[in-house]
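Across the two complexes that follow, chain A remains constant while its partner is chain B and subsequently chain C.
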Partner chain A sequence: MSNFNSQSTPRSRPQSKPLSKPLYKNRNRSLAQGHFNRIAVCAKWLLLCLLIIPVAAGVIGVFLPAMGYFPAIGANQFDFRVFAALFDVAGIHTMMWLSLFTGVVATVIAALFAFVLLSVFYRSQMLSRLQIVLSPFLVLPHAGAAIALVFLLSPSGFFARLFTFNSSAIASANEGVFLFDSYGISIILALVLKETPFVLLMAISVMSQPLIREKINGYFKAGTALGYSPIAIFFKLVLPIVFPQIRLPLLAVLVFAVSNVEIPLILGPNDPSTLAVAVLHWFNHIDLSMRLQASSAAVVQVGIAVFAIIVMLAVEKGFTFYGKKWLQRGKRHVTDKAISAIAYLLLIAYVVLVVSAIYTLVAFSFAKQWTFPNIIPADVTMVHWNTVLDAVLTPLSNTVLLGVSVSFSALVLVLLTLESEPLNTGKTRASLLLPTALFLPLLVPGVAFLYGLVWFQQLILKDAVWFHVYVAHMVYVIPYVYLSLAVAYRKFDNRYVMVALSLGKSPMGVFFLVKLPLLIGPILVAFALGLAISFSQYLPTLLTTGGAISTVTTEAVALAAGSSARLSAAYVVIQAVMPLCGFGLAWWLSNILFKPSTTKISTNKSSTGKSVRSV
Partner chain B sequence: MALTLRELEIFKGSALLLSLDVTVDEGEILTVMGPSGSGKSTLLQAIAGHLDTPFSFSGSISIDGTNLASQPPHRRGVGVMFQDALLFEHMTVEQNIMFAMPSAKYQTKSRKREAVAKLLHAVELDEMQHRVVTTLSGGQQSRISLLRTLAAEPQAVLLDEPFSKLDTALRQHIREWTFTQLRERNIPALLVTHDSADAVSAGGQAIELSSC
Partner chain C sequence: MAFVRLACLTILIIAGSAYADSLVNGSDNPIAGPVVNPQTNPKTDANPVVRFHAWGGSAQVNSYLKWVADRVERKHGIALKHVKLADTSDAVSRVLAEKAADNLHNGSVDLIWINGENFAAMKKNALLAKGWVGDIANFALTNPDSNSAMVTDFGEPTLGMEAPWGKASMVFYYRKSHFDSYNKPVPQTIHALLQFSQQQPGRFTYPVVTDYLGISFIKYAAIALNSSNQSLFYKPVTQNALEKITPSLWTYLDALHPTMWRNGEYMVRQASQLQRLIGSGELSLAFSFTAAEIPSAVERFDLPRDVRTFAMSDGSLANVHFIGLTFNSPNQAAAKTVVNFLLSPKAQAKKQRLQVWGDDTVLDTNLLSPSQKSMFETQQSHPSALDKSQSTPLYAEPHASWTDALRQAWEERYGARY
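On to the complex of A and B.
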C-alpha cells in the first residue's frame, strides 16, 4: 500500500487481523425486500404452482385408473390386471416400438442435421438467412406441418404432379410410398422437418450468450492457429461446450417426438398406430371401461419416454467416447466437403419444401378445379375461402382470445419471476425448483398427464371450461416464454439498473421506466412465441374443453381427417399466417415503442452541427 | 457533506478482500487504485448498495453521520458512474436528465425543462435537449452522463473508471471538466482507476489496494 498524497494517511488494516464476522450480509438482503420484490416472489411461487400442480395432478390422475382404481365404473381395487390386459391387446408391441423408433430416430436425425448446418454456417452471414428459411417450419404448428406434407407427398400431391409427365401415370401414382407407411417413415420425416429448426435455434441462442460466444471465438482462433478447418473446429471444439447446454431442450424434443399425437394421427399408419394415438382413441372410446386400458397405456407411454431418454443419453455417451479418441488423432479436417454438401442439400431441400408447400396450400385453397397431373389449377375461385372465413370466425376468435390471455399472463409471471432472481442468487427453495419445474411439462408426455388433469378438472370445477383450457395452455406456454426471456435477461447490462437506482428511482420505477423499455424487443418476441405455442396446442385444447371450445388447430386436425382438401389447405394457411402475424407485430412494435421521437432532430439540425464540434 | 468509511471490511465469502478507514471531505476526490481483482469495483458496490452474494461487508458507511447501510440503494443519494455513459437509449438527452431530477423539488415538467436547459447551457451543450442519445459523440455522452448524475443532487458520487474508454486527448479534457463540476458542487467523490494520471489530477487522497 502506498500513498500518492501523504497529507492525510488513510489507516489501512493488515491482512493478518483476525476476521470479524460480516455484519451486513443478511441485512442487505432484507433491505431489498420492498413491495416490488414481495410481488415478484409471489409471482414466482404462482408460476411454480402453475407448472407443477397440473402435471402432478395429471400423472396421479392417470396412474390411479392404470392401477385399477376408477370409481366411476365401480373399479376400486388396486392391482396389475389392467396392465396384464393391456399387453394382451393385439399389436401393442408394434405400437410401443413405433412410438420409440420414430421419436428416437427423428430426434437423432434432427440433432445431426442441425449440427451439420451449424458447422457449415456458424461463422457466416448465411446463418441469419438460414434462420429465415427454417422459420416457416418453426412457427407452423405440428398439425399444420403434417397436413402440408400430405399435400406434397400424397399420390396426387404436388411432388407426384411435378414428376409425372403424362396422365397415364395416375395408376402408379396411387401407390403412395411415403404416407401412412407402417414403418413410420413419414412420421419421422415430419418430425425432422419440425425439430431441426428448433434444435438449431436453441443452439444458436446458447452460442450467442456473451460468455459462451467469447469462449467460442477464442477456441476458433486457437483452432485455426493449429491448422484445423472451421468445420473441424465446430465438431471438435465448439460442439462439446454447446451440447451440454442444449441437452435438456433436446430431451424435451425427444419426449415430444415419442409421444405427440397430431403428426402420427395425420401421417402415421392406422393399424396399428403409435401408442400415443391409440391412447387418444381409447380415452375417447364410448365404453368407459376402455379408460382403464387407456390409462395403463398412458403410463406405459411415460415408460417409453423414460426409455427413449436413456437411449438418447447412451447415444450421447457413445458419441463422446468415440469423440475423445477422434480428438486425440488430431486430424485437421473432417470430410469437410461431404459435410458442406449435406448442409447445402439440406438448405435446398428446406427451400424447395417451403416454397412448394406454400404454393400448393395457397393454390389448393383457391383452386376451382385442379386435375392431376397439372401443376397449375385450371381456374381460381373464392368459394373455399368464403366458406372457411364464415366457419373460421369462432375458432379464430377463440384462438386469439386464448392465446393473448395465456401469453400475456405468462409474460407477466415470467418477468416478475426473473426480477425476483438476482436478489436471491440461486439460494432459495423456489430458485432451485425452477429449472426442474420449467422442464416438467416438457419431459412428461402430454398424453400421459392431460387425461389425468381432465379427470381432476371434472371433479372440481366441471363447467369452468375456459379456466381449464387456460391452465393447460399455461403449462406449455410458460416454459418457452421463460427460456426465451431468460436469454435476454442474462445479456442485459445490469449497470443500467444500478445507475437508475442510484439516481433515486425505486425498484418498481426502475423496472417500468428503464428495464421494460430497454428489453422491449425480447419481451415482445417472447410474447409472440407464447402466442405461437398457444396457437399450436392440439391435445391440451381438445381434452380440457372436451371439444366445447374449438380453435384453428383443433379444426384443422378435424378437417384433415375429412374429405375437403380445399378447406384443409385454407386452415393450414391460416395456421401459418397467425404466428407470423404475431412475430411481425412484435418486430413492428419493438421498432416504434419507446423510441425517442426523431422528428425534433431535424428542427435542431443547425445546433447539432455546432455541438458536435464543441467537443 | 463528507463520506466516511469507518473500519470498512469487504469479504468474498469469508475471505477478507479489502479493508479501508477513510473520510472523503466535501469537494474532495479520493482515488482508489489497484490491480484488477483487488476489489475496487466491489468497494463502490458496497457504498452504492449493490453488493451481491458472495460479497459482504462490515464496518460503517456514512454521509454526514447518517448510516447508509440501513438504506436501500435508491434512498442512499449516492450517484454512480461507469466506464460507459449508460444513457438510456429510449430517452432523449432532456428525458435522461429529467429522469434523474428529484420530483419533489421541481413540481412541474416545465420547471424541470428550464433546469435542464440551464444545466446544458452552463456546460456549453446548449440545445442538445432533444437529441437521441445514440447520435452523441463519446465525449458528449460522458458529459451528459455526469450531468444526469448531478441532476439527482447526490450526497456523494462514485466513479468506476469513468474515463478509461475515452481516447487520450479527450480523456484529459473530460477528466478536468468532471472534477471541476464535482468540486464546484462540493460533492465528495470516490474515483476508482488504473490510470495514475487520474489520481494526480484528482488531487485528493490516494489509496492503492494490493491484490489478494
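On to the complex of A and C.
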C-alpha cells in the first residue's frame, strides 16, 4: 500500500501487506481497495484541476487583452500601449491607492480586533457566546452586510433616528460622514465588520487542533507560573504559535479586501471609486475596446494584491521584530485593562450593530409609511414580502440548486482527497501542490481571473451557462470546504481507523462505516459552509452567467440600488436566513443522524457497521 | 413601470447591444412567422388581420393591447395580433430581410412600436410607408404644428412615417413637508433649481451621466440654458455646436455641484436611488421620466404621502414613442384604422390611467371637447400624481448623437464616476 504511486503506475494494484488474509479473499478486498484508492486519487486530481485550471485560464484570459491581444475587436499586437492608456485615465492613481489603503487597513484592523477579542476571551466561557454574536455578520454575504450598514449609518438611518429628538426634523443630507466618503472609511468599516469574525474563527479553529491546544495549555501553565497575566500570555506566547497557522487565511482576507466589488459598489465613493469597481465598469462597457483597459486594470489589480501582501508581510515582520524586544523585556502585564476595555467595547459594538441591523431590516421589510425620525414604522404590511416572494422563487431555486450541487460535489471531492492522503504516505506531486492550489482562488483577485475565465467560456461551450457558473462557484467553495474539513480530519482519532483496519475492514469500509459516521457533524458543517459560500457569490455568478441565472445575492445587489428600501431589506433578510438555515440543518441533522452520546461505538467490527445502519 | 423598461430598452438598442429578454415566451417568437398567410388575406377580406409587432416585456402593456384588440375587433372587425417582441430590432431586421428578398407587398409586419435608433435605421433603409400619418384623423389632435416632438424622433423628422403613440416626459417631485418648513416655493425653472439648491444645500442631486436619467437631466439643462440655440440640438452634433452649448452648461453645473447632496462628491449610480433618498428624506427634490411611478411608489409605501409631482414650467424633456407602418404591409388600410383608434381620446385616456399603464397621452388636451377632456381628468385622483390638466412646453429629445457627445464632455470635465 505504501508503494502505491498514482502518477507513474496508475494501473498497479496496491499490495495490502498488513491485511494478508487467505489469498482469494484478499484479492477481492484489495481489488475493492484499489478502486477506492484510485477513486480517491482521481478525486484529488480533479479537485486540483478545478482549482488551478479556471484560475490559470482566467489569468491568461485577462493578461492577453492587457497586452493588447484581443482578436474579437481586431487587436492582435503585443505591446504596452494598453497600460500606458490606463495610466492616463484620470484618477487612476487615486483608485489604486483607495483599493490598497482600504484593503490593508481593514485587514490589519480586523486582525488586531480579532486578537484583542481572543486575548480577553480565549480561556473563558464567553468565547462561545462571542461566536454567536459574531455569527450573523459571518454568514451574511458581504453585499448584505454593506446594505445593512447603509440602513444603519445613513443620515436618515436607524442611528440618526435614535438620536433625533425633534419629531418634525428633516433628515440631514450631508452629515453621514461614514457613507460614500472619499477616504474609503465606510469601506474599511464594512470590511472590518465582516472580516473580524472570520479571522477570529480561523484562529479559534487553529487553537482547537489537538497538538496546538496541548502546546497552548502547556505555555499557559508555564506563563501563569511565571506570573504573566492571561492577556500577556496570549500576546507573548500563544499568538506566535497561532499566527503562522492563520497567515494564509489572513492573506486571503487581504486579497479579498483590496479587490472586492460589492462593498465599494454599495457604500464606497465614486469620484473616483476603487479600482475593482472601475474594472467591473470597464468590462461591462458597451464599447468592446474598453475590455483592453479593463484587462490591464485587472492585471494592475493583481499587482496591488501582491503589493498588499508584501505590505502585510512587512507589517508582520515589524511586529515580530518589536515583539521580540518586547518579549525580552519580560513585563508580566501588557496594558491589560485597556485591552479588556477595547474587547468589551467591540463586543458591545457588535451586539448593538447586530441587534439594530436585524431590527431595521426586518422592520423595513414589513413597514408601511416610516418617515424620519420615527423609530418604529407607522404600520406593518405583508405587501413587500408578497412582492418579494412572487419574484424570489426563481432566484431562490437557482441559488439552492446551485448551492446544493456545488457544495455536495465539493464535499465529495474534498472527502476523497483527504482520504487519499493517509493512503499515500509518500509525498506525491498532488499533495505538494494542494496547499498552494487551495489558496490560489483566494489569492488571485476575483475581478482579475473571472473575466478571463468568461472569455474562455465564450470560446468553449458558449451555452453551457449552468456548467460555467458551477465551475466558478466550485473554485470558491472547495477551499473553504477543504479548510473546514481538514481541521476535523486532523482532530480525528486515527486509532478508530487502525482498529477497524486491523479487524479486517477495507479502507472503503472504514471510510463509510467508521469515519463518515464519526465525522458526520463536521461534514455537515462543511456542507453548510459550502452552501453559505456559494450563496454569497456575486461576481462569479454575474459574470459567468451574463445575468442569465439570477441568484438571491445578484438580485439583492441589484435591488440595493433599486428604488425600494423595503424590498432591499427583505432580500437582505433572505440572504441572512438562507445560510443560517444551512447551518441549522447541519446541526439538526448531525444530532439526528449520529449521536455519540446515545450510540456507543465499540471497536468491534460488526457493531461498528450495525450501529451506523441502525441509527 | 412599463416605460422605465421601455426606456432602458431603447437605451440598450441605441447602444447596439443585443437585448435578449427571456420575458417573451417562445411561441410568440417573430421568427415563427405570421399567423395568417398573406396570400389569403387581401384587404377586402371581411376580417383583416393586423400584426402589431411590439415589445412584450410588460404585463401592463400586453393587457392594454389586449383591450385594444377587443375594441377594434368589435368596432371595425379587425383582428389585431400583438406579436410580442423581446427586442424590437428583431422586427426591424426582419423587415429589412424582406426588402432584401424583394417582398414588397406581402410583409409579415404591419405595425411596429419604435423610436430612436430603430426608427433611424428603418428610415435610412426606407422600411416604413411614407406620409401615411396625415391620413389619420386623430393625428391632428396631437397638435403637430406647434408641437414638434410629435413629428421628430430623437432629432430625426418623422416625415409622416410613424404616428406618435405615447410619451414620457421628465417630471420633478418633491417633499411637500420639506418645502413647507423651508417656507420656499418649489423651483419651476432650471435657474430657480440652482437658487433652491444654494439656499438649501444637499437637497437635490442627479445620477451619474452613465445613467439614462442622469444624461437626461444634462440634456434638459443644456436645452433650457441655451434657449437661443435650441435648433442646434436637433441636428447631428458638431464640435462647433458643442462648444456653443457647453459654456453656459458648465457655468451652471459648476455652481450646482457643490450645493448638491454630499457636496456633489458622490453622485448616485442609478436613477432609482433618487427615489429612495426622497423616501428617506435626505433629498427634497428629485425627478423621473415616469410620472406614473410616483403615485404607485406612494401606494407601495416607498415614498411618503407628502410627495407631489410637477413639471418644470420652462419645459420638460419628452421622449415620444411611435407606431410605424411598414412599406410592405398588405393591410395598410386596416392598420391605419387601428392607429386611428390608438390615437382616439378614449384609447389614449385609458392608456394614461395609472391602473392600466400610466403612459402619457400624445394628444393636446386643449384641442379636445369638454367631454373628451373629462376622460383624462377623471383619473386625476392621487394627490401625488402629476396634474395632467396643466400642459407644459416639451423639449423633444436632441438628435441621438448628442447623448454621447454630452456624456463624454461631462466626464472629461467632472471625471468619470463609476
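Criterion: the second predicted complex is superposed on the first by the 551 of 615 C-alpha atoms of A that agree within 3 Å, B and C clash if a C-alpha of one lies under 4 Å from a C-alpha of the other, contacts with A are read in each partner's own complex, and residues count from 1 in each chain.
Just so it is clear, contacts are C-beta pairs under 8 Å (C-beta built on N, C-alpha and C of every residue); 3 or more make two chains touch, one makes a residue touch a chain.
Everything numeric in this text was worked out from a predicted model, so none of it was measured.
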A:V499 contacts which: chain B (first), chain C (second), both, neither? first
With both complexes overlaid on chain A, does A:F180 touch chain B (first), chain C (second), both or neither? second
Please work out whether A:T335 is in contact with chain B alone, chain C alone, both, or neither, and reply first, second, both or neither. neither
First, second, both or neither for A:G34, with chain B first and chain C second: first
More residues of chain A in touch with chain C or with chain B? B
Could you say whether A:S128 touches chain B, chain C, both of them, or neither, answering first, second, both or neither? neither
Touch check for A:T436: first (chain B), second (chain C), both, or neither? neither
Of all residues in chain A, which touch chain C in the complex? 89-91, 154-157, 168, 170-174, 180, 182, 265, 269-273, 277-278, 280-281, 286, 367-372, 381, 383-384, 387, 548, 561-566
Complex contact set, residues of chain C against chain A: 15-17, 22, 177-178, 181, 201-203, 208, 261-263, 265-267, 269-270, 272-273, 275-276, 279-284, 293, 297, 300-302, 304-305, 415-418
Touching chain A in the complex, chain B uses residues 7, 9, 11, 14, 16, 19-22, 31, 45, 48-53, 56-59, 69-82, 84, 86, 88-92, 95, 99-100, 102, 124-128, 130-133, 135, 137, 139-140, 143, 148-149, 152, 154, 158, 170, 196, 199-200, 203-210, 212
Partner chain B, residues of chain A touching it in the complex: 1-5, 7-8, 10-13, 15, 17, 19-25, 27-28, 31-32, 34, 422, 425, 427, 493, 495-496, 498-507, 510, 513-514, 517-518, 520, 594-598, 600-601, 603-604, 607-608, 611-612, 614-615
